[in-house]
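Read through the structure below, which is laid out as structure tokens, and then see the notes.
So that you can tell them apart, the chains are marked A, B, C and D in the order they are listed, and the count of residues begins at 1 in each.
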């Protein structure tokens, strides 16, 4: 099952880094709205980095930590977005409920598709993830009356947060919304960190390291691949729900396989063998994509070149590259 | 009514043939090199555009022959400069690489030939309907069916009866042993890659005459061709052919009464096959799973 | 003349060091056998010689040409036939298709001749590789390598898992190839049988070349042969005493003795 | 009384008969060795017992229960533990983490996304005991992939110990090891057997290991049972001698 272990893999510890790392990472994230403007960024872009970072970190639970390849995570990202959108558009004006429903939709799909795929391995598994994601895309695209079809689900907006009598209005205020996203992001990464230090998390790493050994210690490999897949889709669907809240719409492109590829490249670009690598990858990718698409009509080529360059020149990702340099 | 049934059925069959042609190319590459080619649909587009640009100089028939070969040659160059470097690496890298290539090729097509659709004109002899009632049964469509049948038969004959073909089949099983028998497996893989891409190029020329040219004309065929491979069973080219035909026929039949359902049905079939026969129709224990 | 010579090979699988400065030599027209216990590194040595697992350092010379960095297929094209461990038949191809895979170098061996030499294969010509018995697979693997018309034939444990009668047949073929003027490098576990037909012998132990000389000399060294076959029964004295801590730890293991 | 019983198992791959109608009984507390030349079907036989794949025919019983169709995971739950010919470990984790994964699985914690203090202490105790028993305490915090060959093999055995199995199955525990390492691993197996009464079954090539450790030996050739008996009986058996030293061609 070691389909994704990079060449010359360095020890990927479940640990989320030393205290110093954590302090630096959180300081950067918390202060982002203060300095984003100076480097040409804006609050929505910062939110986007966090959202895709979360999606990529969720994928990386599977890719980097369990060693199982998914190229269809757009499905769970997109379903998270649609789930949130459905609540706001058709049901109640509540941001927390929207997020919960997004998670529910994405994770239920993860449970179902995962059950159908868990016995397959390697490239077969990867192809199935792509196919299942395409099913979701296809449904969203053609079920016009519910999803809005090609134009997407529109006509909703995120609702203010009610904390008892205190109201936080994240509607128009990008900075406040950024902190809301950061709050959700913090909870999710905290959960991931705890998970990876738990017995369940260790079984995931055991599968990556040697699935045969794991099986002959009494770990039912397929069941644990399934669980890892579900957990991974859970976090990716949280990101999807936030994405819908950020844009105030959900459209089929969120489910398209291009998004799947983007999430994978973010994880690989940052360094899929480290906990925070995918966040770094997301930051670089999202900012570059934003810059390039505003600079040239040939942005597709640039994106393509990023993919090719990462594969050919930085297979260990930026963090892996830096660590090798310093080693 | 009969006209409508036949109309949808023909459309479905034509679509199914494109699935077959694409899936066989993807499968060839997957079986020998273990690479999923996301850019396969973009090579298809290149085939169509090459034919468009060559036709003024070579005529339709010249372009028809030369364009797929040219696309195959480009496939070999891409394989030699990039793809072969990720063979020893985990699958995620080859997926990302072909994914990136898909972007680059599509953007090249946009830049060179423009964003808007272009027509690929076909000889008048092929263009006219055979009868007024069955207006959709043009000579071109019959020609298309014939070409695909000949191409598929030629491919299987090549793999089954020639030495190189036998070596490719042996290589899908054990490349080390093939090389120990004096065969340059680097060359074998390059050739095989070129062959698979050439099939996409041929599909592109054929599709261009049917639906015209645009930069993402192949995109909608890529995923169905993956499904054809999954349904047929990974590792078996015969399985891919069967899988391609099955989804082709299924979408043709579905389109008789539900024309929008022609794509839905192939996903439904995939799920059914996965539950009922997890290795696919012709998939065998231990082959590339 | 020397058909093959290796000096100072160091080979690794990933991080683990398998061969330590291994050297060996195959005289032209001779049968040289490479012996050693399981896990001694015999298969790895052969894989390094034919370039499938290239040595990290050292030098391989085949027919006077440096082939240390030569790709496997070129080594084969120089006239090196390799019969791998476990035969490596293409299980999904027919017998005939298996024989159509190798590069045909000019020489006496043709598919027809292989079928004449191995009539069993001719009978099963249309059977798939996976339908063959172990002996038939071995014949096919040897026949396939012979189609290269090699000047040097390398065989990795051809007797593995075969009945004694078939082993004898295989060894007769090996002798025959020598009579045809081929040089042979034979890795075997069947020590006596291989020494019987070999001219020279090398003994590998834990990745180190421990002994080399003529087969006749090794034949006389009964003790070494016993040891090679893994049949020596020297007594060991173990230190079975436990520390107090160990005694406690072990006492918590479940015992099935009531 | 028997712990492990095998009745007439056969395994075929295509038309290859790898194991042909083999019987075996292992008594509790016995150290049983399986020997035979390469390709004799030893590892296949071993894989049938541990549930790597099912037999083509025949029956396998553990402790009186039919396990012929049980999965590997089920067999481990019933008290089997095995090691592999090529050491199977989690190379990028420390020795302690390797054993910890085994211990947590055996203690039924593998699905737990969190564990309490008491459980954590119980796991740590079991891991420490395995480390002590296999004399790996000093290597506990090193990456297991960086240990010596002999220590890696000891670590693999330590993982099996953390499962607290009823029968320990070792596939060529000294394969590819130097003199010193062979002695180290053989010593560990012997200590386990002698001081705990562990039932152990091993496949082995090195006759010294076998004759110094085994209570009983079975010999396989060409997939069939050639001989069975005490080390004394086996060493005097002419058929075994011939199979091992090779008959002159």
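Just so we're on the same page, contacts are C-beta pairs under 8 Å (C-beta built on N, C-alpha and C of every residue); 3 or more make two chains touch, one makes a residue touch a chain.
The structure presented is a predicted model; accordingly, all values stated were derived computationally and were not measured.
Contact with subunit B and subunit C alike is made by no chain in this entry.
A count of contacting C-beta pairs for A-D and for C-D identifies C-D as the more extensively joined pair. Chain centres were defined as the mean of their Cα atoms; on that basis the chain farthest from subunit C turns out to be A. Subunit D has its Cα centroid 42 Å from the Cα centroid of subunit A.
Subunit C and subunit D, compared by their mean Cα positions, are separated by 27 Å. Averaged C-alpha coordinates put the centre of subunit A at 32 Å from the centre of subunit B.
Averaging C-alpha coordinates per chain places the centre of subunit B 49 Å away from that of subunit D. Touching two or more other chains at once is no residue of subunit A.
For subunit C, the set of residues that touch two or more other chains comprises 91.
Counting partners per residue, subunit D has no residue that reaches two or more other chains.
Chain-to-chain contact here is organised cyclically: the chains close a single ring, every chain touching exactly two others. Which chains touch which is summed up as A-B, A-D, B-C, C-D. Partner subunit D is touched in their complex by these residues of subunit C: 15-16, 37-41, 91, 130-134, 137, 157, 160-164, 167-168, 171-172, 189-194, 196-197, 206, 225-226, 229-236, 238-240, 242, 245-258. Across the complex, subunit B meets subunit A through its residues 30, 34, 36, 38, 82, 85-86, 88-93, 95-97, 99-104, 106-108, 110-111, 223, 226-227, 229-230, 234, 260, 263-264, 267, 270-271, 274-275, 278, 288-289. Note for the complex: subunit D touches subunit C at residues 3, 13-16, 28-29, 37-41, 128-130, 132-133, 135, 145-146, 149, 161, 164-167, 172, 175-179, 183, 186-187, 190-192, 194-199, 205-208, 211-212, 222-223, 231, 235, 241, 244-249. Considering their complex, residues 2-7, 63, 69, 71, 116-117, 119-124, 126-128, 130-131, 134-135, 138, 142, 257, 261, 264-265, 268, 298, 300-301, 303-308, 310-312, 315 of subunit A touch subunit B. Contacts from subunit B toward subunit C in the complex involve residues 163, 166-167, 169-170, 173-174, 176-186, 284.
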